[in-house]
Amino acid sequence: MTTAKPLRVGMVGYAFMGAAHSHAWRTAPRFFDLPLDPQLTALCGRNDDGVRAVAGKLGWGSVETDWRRLLERDDIDLIDICTPGNTHAEIAIAALEAGKHVLCEKPLANSVAEAERMTEAAQAAAQRGVFSMCGFSYRRTPALALAKRMVDDGRLGNIRHVRAQYLQDWLSDETAPMTWRLDKSKSGSGSLGDIGAHSIDAAQWVTGQQITGVSALLETFVHERPLTGDLVGLGGHGDVGADAPRGTVTVDDAAIFTARFDGGATSAGAVGVFEATRFALGRKNAMRLEVNGTKASLAFDFEEMNVLSFYDAAESPDAGFRRIFVTEPEHPYAGNWWPTGHGLGYEHGFTHQVVDLVTAIGAGEQPSPSFADALQVQKVLAAVEGSAAESSRWQKV
Amino acid sequence: MTTAKPLRVGMVGYAFMGAAHSHAWRTAPRFFDLPLDPQLTALCGRNDDGVRAVAGKLGWGSVETDWRRLLERDDIDLIDICTPGNTHAEIAIAALEAGKHVLCEKPLANSVAEAERMTEAAQAAAQRGVFSMCGFSYRRTPALALAKRMVDDGRLGNIRHVRAQYLQDWLSDETAPMTWRLDKSKSGSGSLGDIGAHSIDAAQWVTGQQITGVSALLETFVHERPLTGDLVGLGGHGDVGADAPRGTVTVDDAAIFTARFDGGATSAGAVGVFEATRFALGRKNAMRLEVNGTKASLAFDFEEMNVLSFYDAAESPDAGFRRIFVTEPEHPYAGNWWPTGHGLGYEHGFTHQVVDLVTAIGAGEQPSPSFADALQVQKVLAAVEGSAAESSRWQKV
Amino acid sequence: MTTAKPLRVGMVGYAFMGAAHSHAWRTAPRFFDLPLDPQLTALCGRNDDGVRAVAGKLGWGSVETDWRRLLERDDIDLIDICTPGNTHAEIAIAALEAGKHVLCEKPLANSVAEAERMTEAAQAAAQRGVFSMCGFSYRRTPALALAKRMVDDGRLGNIRHVRAQYLQDWLSDETAPMTWRLDKSKSGSGSLGDIGAHSIDAAQWVTGQQITGVSALLETFVHERPLTGDLVGLGGHGDVGADAPRGTVTVDDAAIFTARFDGGATSAGAVGVFEATRFALGRKNAMRLEVNGTKASLAFDFEEMNVLSFYDAAESPDAGFRRIFVTEPEHPYAGNWWPTGHGLGYEHGFTHQVVDLVTAIGAGEQPSPSFADALQVQKVLAAVEGSAAESSRWQKV
Amino acid sequence: MTTAKPLRVGMVGYAFMGAAHSHAWRTAPRFFDLPLDPQLTALCGRNDDGVRAVAGKLGWGSVETDWRRLLERDDIDLIDICTPGNTHAEIAIAALEAGKHVLCEKPLANSVAEAERMTEAAQAAAQRGVFSMCGFSYRRTPALALAKRMVDDGRLGNIRHVRAQYLQDWLSDETAPMTWRLDKSKSGSGSLGDIGAHSIDAAQWVTGQQITGVSALLETFVHERPLTGDLVGLGGHGDVGADAPRGTVTVDDAAIFTARFDGGATSAGAVGVFEATRFALGRKNAMRLEVNGTKASLAFDFEEMNVLSFYDAAESPDAGFRRIFVTEPEHPYAGNWWPTGHGLGYEHGFTHQVVDLVTAIGAGEQPSPSFADALQVQKVLAAVEGSAAESSRWQKV
């Protein structure tokens, strides 16, 4: 059986993201050859009964109720942070200082200042061989990874247009309850940081360009929502009484902005348009990215996550958007799974994230995206909020 | 055979739009019952040989080389203006004052000031029973007309999101030649007025809301293009020498803006995002409109012009975007054509425009969209340009 | 204006097909350069008032109530037959013998024997410069014409699979009334001849192969339908009383068969599967054809008539079905219409049919499909009925 | 952690299906509450080194090289058979007689006679509380499970049409190597049993009707293929020398047949058309099923496995195929996974299969599909082969 050295993981937080991360830690070594063998060593949550029940279900070997205890344990090599954004900085910095590798959920932090401190800690730790990664898991969708490869290979030429939408609808129902994701003190922002951050990271990563400025508009459609005991969930279907006590939504429900990119080494810079909302009724998880270059175009929609659409102008007049099923052995990640045409699901992005993280740690190399990469996203988020606060005036990143 | 009184048309301009309008005038009475019988009486163009050849081909009974002559003729009841935007105001105002009905291509004019004068002239003429309409022909696509009907019927609830894209790619090739559409003095603006104006009109018309402010970004990707003798075309495939003399593009190649709507009588106002470009490689005529309400959503893409997608949240959990083939007898315009499922094409919008125009004139009623409606679009165009000129600062309409 | 010699048309029949043909005769010379100038000279129908009203509406110059009168007129050059199938043989043969060119709607006849006599008459007439064509108008859809060009150019390699579906649903409602299309004595067969014939012709034409044998199953779902006064229509929505007198449906409601092809000159022959039905609820006019070769595949669905899907295995591993918008100037027919991406509709097939017919007549050449081509389709129809009558036993064509 | 009694699994075979089953056994208890706790106790394969390496990778606790040894072990409760079809009968019958529950891959056997003996053994074992299931895993795709629920709920009315396609292309390349799946002595049949069997089971299961007769055509396109050492694989990309020794393909490459259904309790029986091929270039795993009823229609394509298309005629004239994202908490299986819109992948069908199997065993109830259900599929396969051998003559099942 595998003779790889163990990589003992302690995970903080165990809601939706915790389940996805647990599955990834369990599954990655079954389908990929890893230089280290992940162990689900300890799960940490504040409520002892709760964390104990979940740990058994998800396959964790022990539990803790204080994340500081995880850092003290000698049998933990890596801290996986799945908590709300307001706790990321403290946990991540302490973990790195304690010599633990860190995988931190996105957005990296709730402010640029926090993200800067985390990045400094990450860079210092990397000098000591302690690595960190931010969990922009959509990068690990095979279709988006293929998109990046195509751009890197020059198949698009210079990029002119980027359009990114992240459309969901789970808050469209006004009776959906209040959650921590709607509380700015916990989540930092609303649709902007929760889903818009994915679009920003994906757009920059696929194009190889950074956003240099934005003009933005934020909107909150529903200002109060019923309070339920559970503030950790994703919302759900809101079967609470009309007279339930109500909490105040303090984040954006929708974020829309235009952007300019820096053009990287070879082109003049693209223009972009972004939209993130959880009120686009009927759109369930439409994380979409389209890039138009001088030679070709790419389009992706997570609602068809196994497909990348590619238009090659050289095929004119018989050109057309090609629906590439990104399940061939030559495609990113795909060869380790099923035969051609047998698609993957949402959780595979997390499994691939573990693969890339463990591979980098095993090689003693900086994983990507680094905290520095995530800090750049954080700066875009801040510029969006800044522009929205000043009548959409252009805001440099 | 038909005993309806004739409606004698004189058309100015005969390029792409002229062919579409001619087809509409010929075809409308064959499929619809009209109160007046359109006659293709005279075609006007500056070049005598050119206009004579085209007139024969398109079925016009006589020709003129000066539009002023058309206005003097007693046997002309309506002037159809298909020329570049810089000529609209002069021709339209003179025609109305000469007692001729007017159909004027969009955008109405090249400035708000011109559009205001045209609107005044139109309103004065209407008092005398002389009517005018602006050619926002996409309103006559059955799927968009059904979209409006559904919004009017309250099926969407209050509207929260509008996203409109108009994506083409015929200028993506840098060797595509210079045309009047790229010369600001003739066209007023570039993608903004040419195609963005359609999106603005459609978004306002379908939602029943007006845009109250915008924040915009304009971009020109290709600053010079080869000059050919022909400046009237749509561009084409650019087989001109590399050393051809070059003309300067003075308009936007892409226009991107965010917007707020006034909410009409019953809701709080939607947020919108608009993009118009002729550089989205692979998108041929993707005039798209999506509207998300509190009860339902609608989505349209002209590249599938016979389909309207409709999501009704009341069908949850088995809800999904419904691909409505807008070819049922109950659907707008559709019952006058073919059996169910036998789709219509681009030119049908112009035919339906003639139907609606002639029907209104026959009834002595103001056709829609009026010049006043088109003026409102013009104000949005101006606000977009104003915002873009001031670092995307929010601009009221 | 045009100096081409006139081609004076007399049309028999004026229901749905008559309107489509009239539009085509009127429109073809406006968009295409034709060697002869079509004139809508006379329309023939049995009911004098009816034909007179329709003739005025559709633009015909005179009327007749007996088709034999049309043949006697010196001012008629071509007879366009839009009547039910049981009348085709008599009219077409008489017309050809009277020296008139003939355009005959499909299926060519109601029996192989009739079709053989018509083919003999056509071949004899062609010797005298009098030509004939059968109206398989789907061949003139630009996307299917491009499909044929691609096969002819060898881009598919050898063909292995053909799958053809023609799915409609307008008879799914059991209260839809009886029409001549459901009366075997008039229509010859049901879905088989009405829509299956299109699939058979398109499959053979695109692949360049002929069907050599079939195994078939026919089914009638609704055996009686309400009688209304109007037996000429397409059915409609059946708002007739439950106690209306009922007529017996004597044709197939659905036809399903497997087939083998002859492989043409260069390959081993493909296998095919065909389905034609007017009971596929939700499918409005899904005339679909897919062809899989050794090098590439093609797929078409009339519900997206402006698109041809093309898969080129040479692009592997990044191959995918390419949605070709068949609106480029280089595409069949498309250059005579609108700019790229501005799609065509159902009636354009008929306009293109007129273009090809008039072009061939003008050149003194046999138009395609000839009556001989249509006879081959008729033989397939007969083999299908023969197989279905003998427990699906294989039937050679 | 979980206190459920263990269910100790021994699996025979470990190629593609073995990896999928292993993942399912590992994953099911992490996302679902099961009455028994599956243990990956022993993996059996003929090659000691091979099975040992795989067992470690996939998480199995021990290995065997003779499946008979598995049956003798007291610590095995269930035998999971993932070997070629020619071994199913012997292993399954012996396992049942040894008191082990059995999960057997499809098709159940290589002949009706074998399947009948297996069914007898299964029914005898069930009397003793020892249960068996056949692995028609597509039943566990949430979208197909929702399709069945909708039919069962009467939402389709009486069913008229079934069309089922299973299109792949991995054998289209003539240089793809010989495998056991192309050797009739091992696999029983080709595309028919490998993928057509899934279509047959799904069509019967979703409609609740059984196929009563068929007319069929089988075709082999490529008669010889290069031999490589590895006959267990799926084919792959054929980079073997042109002069490699070649093996004879003894199975069908494509199977096409028409069918009639028994109509169940309430309707008159549907007609069906089926096609299974691994030569449909560009179709990767297009397992498609469409059902047209008198009230509604359903369509599914595994290439978009998270979507079920549903057309409800009651919504006319605004009816249209609704793309239901089958990821709502109310949908089959979906509530145990991710938020709405976060799709599942191919392997989830196997995980759900384990869930249903373990749930039934825990409850002491017969799992579905039983061997008797699979025997019925086997009879259809035999009828298809019988009809194809007799010139497509109708063959009763």
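We call the chains A, B, C and D, going by the order they appear; numbering starts again at 1 in every chain.
The rule is short, and it goes like this: contacts are C-beta pairs under 8 Å (C-beta built on N, C-alpha and C of every residue); 3 or more make two chains touch, one makes a residue touch a chain.
Bear in mind that the values here come from a model prediction, so they are computed numbers and not experimental data.
Asker: From chain A, count the fewest steps through touching chains until chain C is reached.
Answerer: The least step count works out to 1.
Asker: Copies chain C and chain D touch; is their interface built from the same residue numbers (over half shared) or different ones?
Answerer: On the two sides of the chain D and chain C interface, the residue numbers are mostly the same, over half being shared.
Asker: Taking each chain's centre as the mean of its CA atoms, how far is chain B from chain C in angstrom?
Answerer: Comparing mean C-alpha positions, chain C is 35 Å from chain B.
Asker: Taking the mean of the C-alpha atoms as each chain's centre, how many Å separate chain A from chain B?
Answerer: 41
Asker: Can you tell me which residues of chain B touch two or more of the remaining chains?
Answerer: Chain B, residues with two or more chain partners: 169, 283, 319-321, 325, 329.
Asker: Can you tell me which positions in chain C touch chain D when the two form their complex?
Answerer: Chain C residues touching chain D: 160-161, 163, 165, 169, 172-174, 215-217, 219, 221, 254, 256-258, 260, 268, 271, 273, 275, 277, 279-283, 290, 292-297, 311, 313, 319-321, 387, 391-394.
Asker: Which of the residues in chain D come into contact with chain B in the complex?
Answerer: Answer in residue numbers: 146, 150, 307-310, 315-325, 328-331.
Asker: Which of the residues in chain A come into contact with chain D in the complex?
Answerer: Its residues touching chain D are 1-2, 16, 19-20, 22-23, 26-27, 29-31, 55-59, 168, 170, 234, 236-237, 283-286, 302-305, 325, 327, 329, 337-348.
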